[in-house]
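Next come two complexes built around chain A: one with chain B, the other with chain C.
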Partner chain A sequence: MNSMSMAQVASSKESVSQANQEYLLQGSIIASAVEHLIHRLRGLCDNVENVPETFHDLEVCMSMRQPNQVPLQVRVRRALGTRDLPFQLRYIGQPELDRSRPTLVRSSIDVGCTSTVLEFLTELGCRVDFEYVSQGFLFRKGRMKITVAKIFKIIPGKQNDSEPVCNSYLVELSVLAPNGQDAIGDEMRIFAEQLKPLVHLEKIDYKRLGNIP
Partner chain B sequence: MSREEKQLEMTLDAVQNRLNDLKVSIGAMVHKLETEYEFINWPTFLDNFALISSHLTGLSKILSKEICPPLRNRTVLPLMLSPERDEALIQLTQGRVPVFSHDIVPDYLRTKPEPMAEQKMLQNEQKAANLSAEAAAKQVAQHNKVVSHILDMVSKKREEWDIESSSRAGIQQTSSMADTHALVAAVGMGKGLKMGMPMSVPGGGPGSMMVPPAIRPPAPMSSVSPGGVSQLGKAPSAIKTNIKSAMQVHPFQR
Partner chain C sequence: MGVTVLQPYQIPEGKTGAQAIDFLTKRLLALGAVHTGQFLVDCETYISAPQHGPSKAVHVLHDSEYPVTTFSILDTGTGKQIPLVADNLFDLLMLKMTSVYTSKKQTKIESKGARFEYGDFLIKLGSVTMMENFKGILIEIEYRPCVVLFYCWEMIREVLQSFLGVTVAKEYPGYFTSQPVVNAMGQQQLHAKQHDIYEPIDTINQYLEHFTNYRKQNIMPQVSSQSSNMSMNTGMRVS
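Entry: the complex of A and B
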């Protein structure tokens, strides 16, 4: 069910000390073409014979504001629908947008934790910044992870029917790797090339998207 | 008439400039090969080649331009040939061509085809002369038939490809840049997700009325889960956190 958290928890356990860089490419696909993309990804990725893994997660972004400092942001992710899976706590650093690199690179630390993490963070002084539900499919190819997910806004008062942010699915191609492993970026670029023209995976600096309505 | 002449002059000027550039770079290359042949490396050698080829490209661009008058319609005629040394010519060609004689004119002015081509031409002409008029007409007809057949095939394929590529352009809209940006901004910064946050307070569980939005406990986290945490369990936690957060306005400043 919630293979996303499981995979990330598993990978984070063995790699907290080494794999601390996330290489990331992002794109989107219009809902009507998602079937087509899933079909192609099933052919391209590992475990062709299995049905694609699905996930349905809630992510809460919390931040700790201190005077005269950049707010510290952490994300807590949990699976919806099952209660016995661990929560996942994640720190994402500032993206490095080195032009010579084929992907966006940012530091990323993932830890599995219990469900009390939210209370713990609140007591530390963190406040909820925003939250969303992401529901979709997960694929793997080697150490690359590909997610195709719809992002839902949480509407207060109406917990059962959430409203999608837009009609497209978010497509992310990411790899967690130790610092300095730049060869993986080229591998990802080649893979992204194979998904064209369905999806255009690019490195996107979301800090620059601030003025988009 | 005068316009045409003007154009011709302009073209010739441009061509001459290009040829001079080409000459200079070939000269530099030859010089390099003669003086630095021991330690010249491939990259510089290839750079030189690239330079020369760019000059050639420029030259062919000038010649293929539409304003260029058709130079091939003009003929160059040797007006006077002489077997004696011509000092002016030597100076003009930087000592390369000392005499303008019968020997070299066919090569330099291309009044004669290349030996290979000449031989081929001769062979073909002989063959043609041996053919009877009837057989020749038959062959021409056959040749035309084959060529038109090939033309048909090519144009048919081209039509097919055109249709294919146009239909592909129609399918292509499977991703939208605006949607990508909206999604990335939402996931990365919570753009469009934060709007509803203050609204959530009145509609929230019991007890949350007193909690300002900024220090709201993570109530939706549990409330979204279907049957995850009961309403009873949530209310006390909200109140508890409220007290804590009020005390912790500057948690790390002591």
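Entry: the complex of A and C
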């Protein structure tokens, strides 16, 4: 920092990370079989000797209406039970239509931020669409991230008493990478093959799900 | 991370901005300060489109002291300001809102210049420019071992006087003065900001305050003959 030249100063604020594409595969597994999947993932992923990393997050999905455009959708995620971690603000773009790709590809901007973000977005003009609690396990394999999580509904007025949406766990395999790194899709496919037949990770076509937000 | 005070510098009569910066630089070096590179603080303001109700402004600032951070301050237009400190990817997110929030390019303003270390102090001499037009000089001074202004204001003031050569009022700078706030019980109370733990967003708020003043004035900064006289009276030798 001390011997920073003006050129570095000028570039420092422009050097935003270019890892702005999310490659995603999704699937689900029934709760009674989730133990087997956890064992399998512990064997396949990095840091096998450690107990799997857990998380318990609240995600608030918000959107801002824009004239003549699809609404801008952002999500705010925060860890429950700990007050020290930054909030996570996330923008997710529309999925790419390219059918030949092995995974779903969509643009993604992940921003760590202060807890003022919810008030900031509300005043900015965003409205809450829905919110949910996600609780489960996180695994890593190289740059791949695998989450196995149960999704809970928020019951209004009962913050600490949420109800599971269904008796299954959502399994997601994702990678954040710069644009054009298509080899990662094949790498993810190969990894997904190794989880069969416990879970079938697939490229989900959101359009076919209808208007579920 | 310490406490930072941002002080506008009155350019002495008959001098240009560059000459004033040169004068201050020589002073600092004569004091024994060490030149440690450059710094830059910039500010861009986005305004909401009129069809979205009352006009709101998002001020997006960057500070080279925090190179991967974007500071945003949302001005609701009703006297309320909401700060947001985020990773610098937030800049890309602002670009996704261009149909609602548009950048007022002609008011893009920045302060840049040399950075000096002087013992426990960090001093930055910033030339403020808007659209390449020189607007004035802002001196940023940080006392690094302390995080509460109350405990170190006298020391900061002393250093400002010793090298600026102008009398700095004994009172805390405007940004730190006690302001009425409404507490959780709905009562109005005076909040003494000088006792708060200082955070980087406080530096940013001070920059925004001064940048807003510079944006309002369309003429060159007023030359004060008083300050030029006083700078002669300090007895400092300038090499």
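Details
Keep this in mind: the second predicted complex is superposed on the first by the 191 of 213 C-alpha atoms of A that agree within 3 Å, B and C clash if a C-alpha of one lies under 4 Å from a C-alpha of the other, contacts with A are read in each partner's own complex, and residues count from 1 in each chain.
By definition in this document, contacts are C-beta pairs under 8 Å (C-beta built on N, C-alpha and C of every residue); 3 or more make two chains touch, one makes a residue touch a chain.
Bear in mind that the values here come from a model prediction, so they are computed numbers and not experimental data.
Looking at the superposition, the partner that touches the larger set of chain A residues, chain B or chain C, turns out to be B.
Using the contact criterion defined above for the overlaid structures, shared-chain residue A:Ser168 touches chain B, although it does not reach chain C. Using the contact criterion defined above for the overlaid structures, shared-chain residue A:Glu123 touches chain B and also reaches chain C. Residue contacts after overlaying the shared chain place A:Arg78 against chain B, while chain C stays out of touching range. Of the two partner chains, chain B is the only one touched by A:Ile154; chain C is not.
Contacts of A:Gln69 after superposition: chain C is touched, whereas chain B is not reached. When both complexes are overlaid on chain A, the residue A:Thr114 reaches chain C alone and has no touch with chain B.
In the three-chain superposition model, chain A touches both chain B and chain C at residues 66-67, 119, 123-125. Every residue of chain A that touches chain C in the complex is listed here, in rising order: 1-6, 9-10, 12-13, 15-17, 20, 64, 66-69, 72, 74, 89, 91, 109-114, 116-117, 119-120, 123-125. Those residues of chain C that touch chain A in the shared complex are 36-40, 42, 48-49, 51-52, 56, 58, 62, 64-65, 67-68, 72, 74, 76, 80, 82-93, 96-97, 99-101, 112, 117.
The touching residues of chain B, counted against chain A in their complex, run 172-194, 196-197, 199-201, 203-204, 214-218, 220-221, 223-226, 228, 237, 241, 244-245, 248, 250-253. Only residues 26-30, 33, 36-37, 58-62, 66-67, 76, 78, 80-81, 83, 118-119, 122-125, 127-134, 151, 153-157, 159-160, 165-168, 170, 197-200, 202, 204, 206-207, 209-210, 212 of chain A touch chain B when the two sit together in their complex.
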